[in-house]
Amino acid sequence: MALIKEKFKETKRVFGEWNVGAYRWKAPKGYLDEFIKALGEKKILGTLCSGCGRIYVPPREFCSRCFRKIETKTIVSNFGTLLAFLVSPPLTKGKVLIAGIDAVESGWLKEGEEIILGIVNFDGTSSKLVLPVLNVKPTDVFVGMRVRAVFSEEPKGSLSDLIGVEPAEQVKF
Amino acid sequence: MRRVAIIGCGQTKHGRRTDINQAEMVSEAVWKAIEDAGIGIEDVEAFAVGNMQGFGGIAHPEMIFSDYIGAFGKPVQRVATGGTVGGSVAQLAYYQVASGMFDVVVAVAWEKHSDSAEPGATTGLLHVAFANLSYMFKKGLDMRSFAIMGLAGAAAGISAYQAAQYMAKSGCRIDHYDMVAAKARRNAAKNKYAHLKWPDCRPEDIAKTEMLIWPMRFGHVCPASDGASAIVLASEDAIKRLKPEKPVAWILGIAAYADEEADQGESYQGTGVLDYSAQIGCILSAKKAYERAKISDPRKEVDMAEIYAPFPHQELMFSEKLGFFDEGTAWKAVEEGITEIDGDFPICPSGGVNATNAIGSSGLQRVLECALQIMKKAENHQVPKDVEVAVAHAWGGQVQFNTVTVLSDKPKRW
Amino acid sequence: MKIGIVGFYALPQTYDVEMTREESVFAAAKGALKDAGLEREDIDTVVSASSDFYDGRTISSSMLIGASGAYLKDESKAEEDGLFAVLYAIQRLRTYHRTALVVAHTHSWTFNPHKVSTFMLDPLFDRQNELLNDVTLAALQANAYMHSYRVSEEDIALAALKNLENASRNPLAFRRIVGITLDEILDSEIYSTPIRELTMAPCCDGAAAVVLAREDVIEDLSLDAVWIEGVGAATDSYIRDRDLLEMNSLGIAAKKAYEMSGINNPLDEIDFAEVNERFAYQELMIYEALKLCQKGRGKYLIRSGITERDGDFPVNISGGSMGGDSIIANGLYRLIEAAKLIKRGFGEKALVHSQWGLLAQKNIVFVLRG
Amino acid sequence: MLIKNKDMAVERYEGFPFVARFRWTAGEIYEVFLEKMKEGKIFGARCDCGYVVVPPRIICPRCLKKLDQSNLVELPQKGVVLSKTDVKFKMDSAGNFEKTDEILVAVKINGANSILFLKALEPVEIDDEVEIVWKEEKEGIPGDILGVRGVKK
């Protein structure tokens, strides 16, 4: 017996919309610009809460734990640990649709590419970032792996200047 | 603080309901609950409602169908907490009665995903991060990075990271996720209201489905269902007045602690949550709910649980945070069949959220299903063992909200 | 078991405020705690109020847990006017909790709230009519009311004038026009007859918070409190199946609040009121639904000056919604203005009202005592 | 009190272009209403308590009894203006006000209890008798009703 697909009478529909793109918002001035400028200099910027010493990356304006505003900005290590990872199957056309556009056909993702998404905690920070794990085969990736940030050689002043992480020297014993 | 019990349950058939509109769907659940409670609409003094309005594209829909559910002249209070909304609505209704403000209230929560033109729950979930994404594009996020982010999918995304982190910590294998998904499909086949039914689904059937992004298969993903769940809550003296003889499900204790958003802060700020599967909110909610319900050893004193697990790893992860299994060992219980419908500790005998997910309804449905088991009204998916204490859990927000509700067949346990 | 307001803080209402959503909510929550002389750890439960369609974010509270002080607290979020969050906080205080923080906000700059009102229409029929929104619906109700009870545009403009004059003295108000005249109001731009720019509330950015506590905590910590004597809330039918001339749910809500606080004749036993009149004509109908006067005679209450700031029953000394409508936070601005006036000894008992939904489909009424 | 320091300004940003589309399910009884509109007819539902709700629905607004297709009744094309307003501003999909000069009325169709909010195609006054004006090619959608116009006495 397979999955049972129950059908219901298809009645008429009335159409409408919600212009979500017409909304606008506000961000703390300078927070992300300084983060991106640091990426251009191959550095990672975070904010340090003077109450509990936690460092948030990307920079955060309020520490929920101390219920206070965070005043200090600090550069953190480019090295970190892989907390966990996900591996995509070899990518083919029709597999990844982004807003209706085929990500492989449009060249954003390469045919047959296996992307590893790593959950990375940079040393000394209380945050994690989800970044591609580069220059390693999926079979060689493991939880707890030491990794190092990989920056773009020609930074364009964008979030994508932090390309991902790659394996750092592992303990050999 | 007065004692409160569920005296009536009503829900619609969950599925792609292209035959009824949102007002009809919600009123069907409400009237079924009132009928099941054996009372009249005039006995109902207030309503607790909630859904994720962005999914169905209607703002405050309960205002449009206030007459469909007999709300004229009565207070209608609305809460909205993401995927947890059903659990939050049930807890609002509990507070409405326990505070002594009302004697009889109806709690209803629902979702109509098929009214959105985008597939499944994309609109609502995309819209959680839409503002952040807009900002990231403004800050030069290129399409390759955006495509990579989208690999895991809007909903599955964060849950896929969570599945990977739980696996990294507990040492379980992807086959255990297949076992939980198969159990959900099998149990759902016994539940006439459930959506995805696969009578004798085996883990191997799930293992054959396409790998979306390791460790998440297509067979692990929950459906986007249309559906509504409603329960009638009454105070102890109202129960004496209205229905002294029929079985009821007493609510012994509830709690809902919130953690910091686990993925991204506002405008792509960082957050202090290192591990999506840590779920501190669930641990605190369980501890406080058990304290209020006078339960000291959940594994011994609780008989079954309905856990909010749109994805199989979440049933394992949350059953540990709720104190039913030691940290990182829930997958062993699945192997031994402990959590089967006829096992020692049944989890999600209804098929759970993995088989049926109308996001607004799911949280309330967990409380409703526990009540059905306690009142022995779960028909084909009634668990064989005697259920005296059941725990209903709901989860949502940006992987950060948890509601825990402890129900029992007796007003108090001490 | 009585509940008291022990602290409050409201940000000045503005438009396109130079603060992020998080900064506004943080300032309101922090301010209310400071006013109460309490710290975050003294708070047992937090109930926030926001709405996904106004904030442009699904699960609009998920990224405000830190700013609202709700981190690792037993909390929830009401998705309607902040006074409904206060009602929910009271229900929580009468069950498990001893102290509660309620914080509400809306930044109208994010998206035109009048457009959000069209999302509340029945999508199968009413939403297909591009002329229908909260302003044009109010215009239809105003014309029906004026026609049935021979109320003139001037009667309505006088109600707006009273509130606009009061607003010009209120540092927290958004629209403060010093020396506003009746003619200025009667000549202001028409949105939909008879609704004009100066006879409808201007949407604005706002954030406000209150701290509530049980009477035993108030005594133990000897806190200064404004007491909540009674509360009533009710819902009306949807706009298509309603009598346009009646504010049914307000009448029912007021009756409940009066019964709970032992009030038989509101005009005599209550000293002043803060009401949410989204449209100036509604203030007249609100008087009638609150049983301050007979049906259709609201205009006489206005013309007699009884509800002026120096009258026997001042209404909206703060300027009310004519001074600014911060949507979800509107109710808390009304509550806080009333609490401030009581603490200044302006009056012993106050009535606070707010509304929600098309044509004030939902109403909530509080009775406060010093 | 926490005063925001003056230099702490904010950065404003807009949403990238995305319009969420919806296709609300009509349900069986409303589907009949739409099909009858295609034939230029207005249908309501009459409850045993006497309340006639339009458009028709499954619960009576007054006595909350269940209604179904057996309660459907065709309504006359005429009604009375309960209220009217000259609309000077409406809004586009993004919520920007745009000037207009149209008339909106609240109409009670003869024999019905519910109010319908429709456009008036010519100036009318409260208590005037009006009649429905239909589009030429009707598609079974609410837009088939162009509005109302005064009934010549």
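Points worth noting:
First chain written, first letter: the chains are A, B, C and D, and each begins at residue 1.
Assume contacts are C-beta pairs under 8 Å (C-beta built on N, C-alpha and C of every residue); 3 or more make two chains touch, one makes a residue touch a chain.
Since we're looking at a predicted model, the values are computed, not measured.
Contact tally for A-C versus B-C: the pair with more C-beta pairs in contact is B-C. The central chain here, found by comparing per-chain C-alpha centres with the mean of all protein C-alpha atoms, is B. The distance from the centre of subunit A to the centre of subunit C, each centre being the mean of the chain's C-alpha atoms, comes to 42 Å. Rounded to a whole number, the gap between the C-alpha centres of subunit B and subunit C is 33 angstrom. With centres set at the average Cα position, the gap from subunit B to subunit D is 36 Å.
Distance between chain centres (mean CA atoms), subunit A to subunit B: 28 Å. Multi-chain contact residues of subunit B (touching two or more other chains) are listed as 17-21, 54, 57-58, 67, 123, 127, 130-131, 134-135, 260, 265-267. Within subunit A, residues 9, 11, 14, 16-18, 20-28, 61, 63-65 each touch two or more of the remaining chains. Of all residues in subunit C, those that touch two or more other chains are 19-23, 26, 30, 56, 65-66, 71, 111, 116, 119, 123-125, 128, 237, 241. The touch graph of these protein chains is complete, with an edge between every pair of chains. Every residue of subunit C that touches subunit B in the complex is listed here, in rising order: 20-22, 51-53, 56-66, 70-80, 84, 87-88, 90-96, 116-117, 119-124, 233-238, 241, 248-249, 252-253, 356-358, 361-362, 364. Across the complex, subunit B is touched by residues 13-16, 18, 20-28, 30, 57-59, 61, 64, 66 of subunit D. Contact residues of subunit A toward subunit C in the complex are 14, 16, 18, 20, 22-28, 61-65, 67, 69. Note for the complex: subunit C touches subunit D at residues 9, 18-20, 23, 26-27, 30-31, 34, 56, 111-112, 114-116, 118, 123-126, 128-133, 135-137, 139-144, 147, 189-195, 237, 239-242, 244.
Within the complex formed with subunit A, the subunit C residues making contact are 19-23, 26, 30, 40, 56, 65-67, 69, 71, 107, 109-111, 119, 123-125, 127-128.
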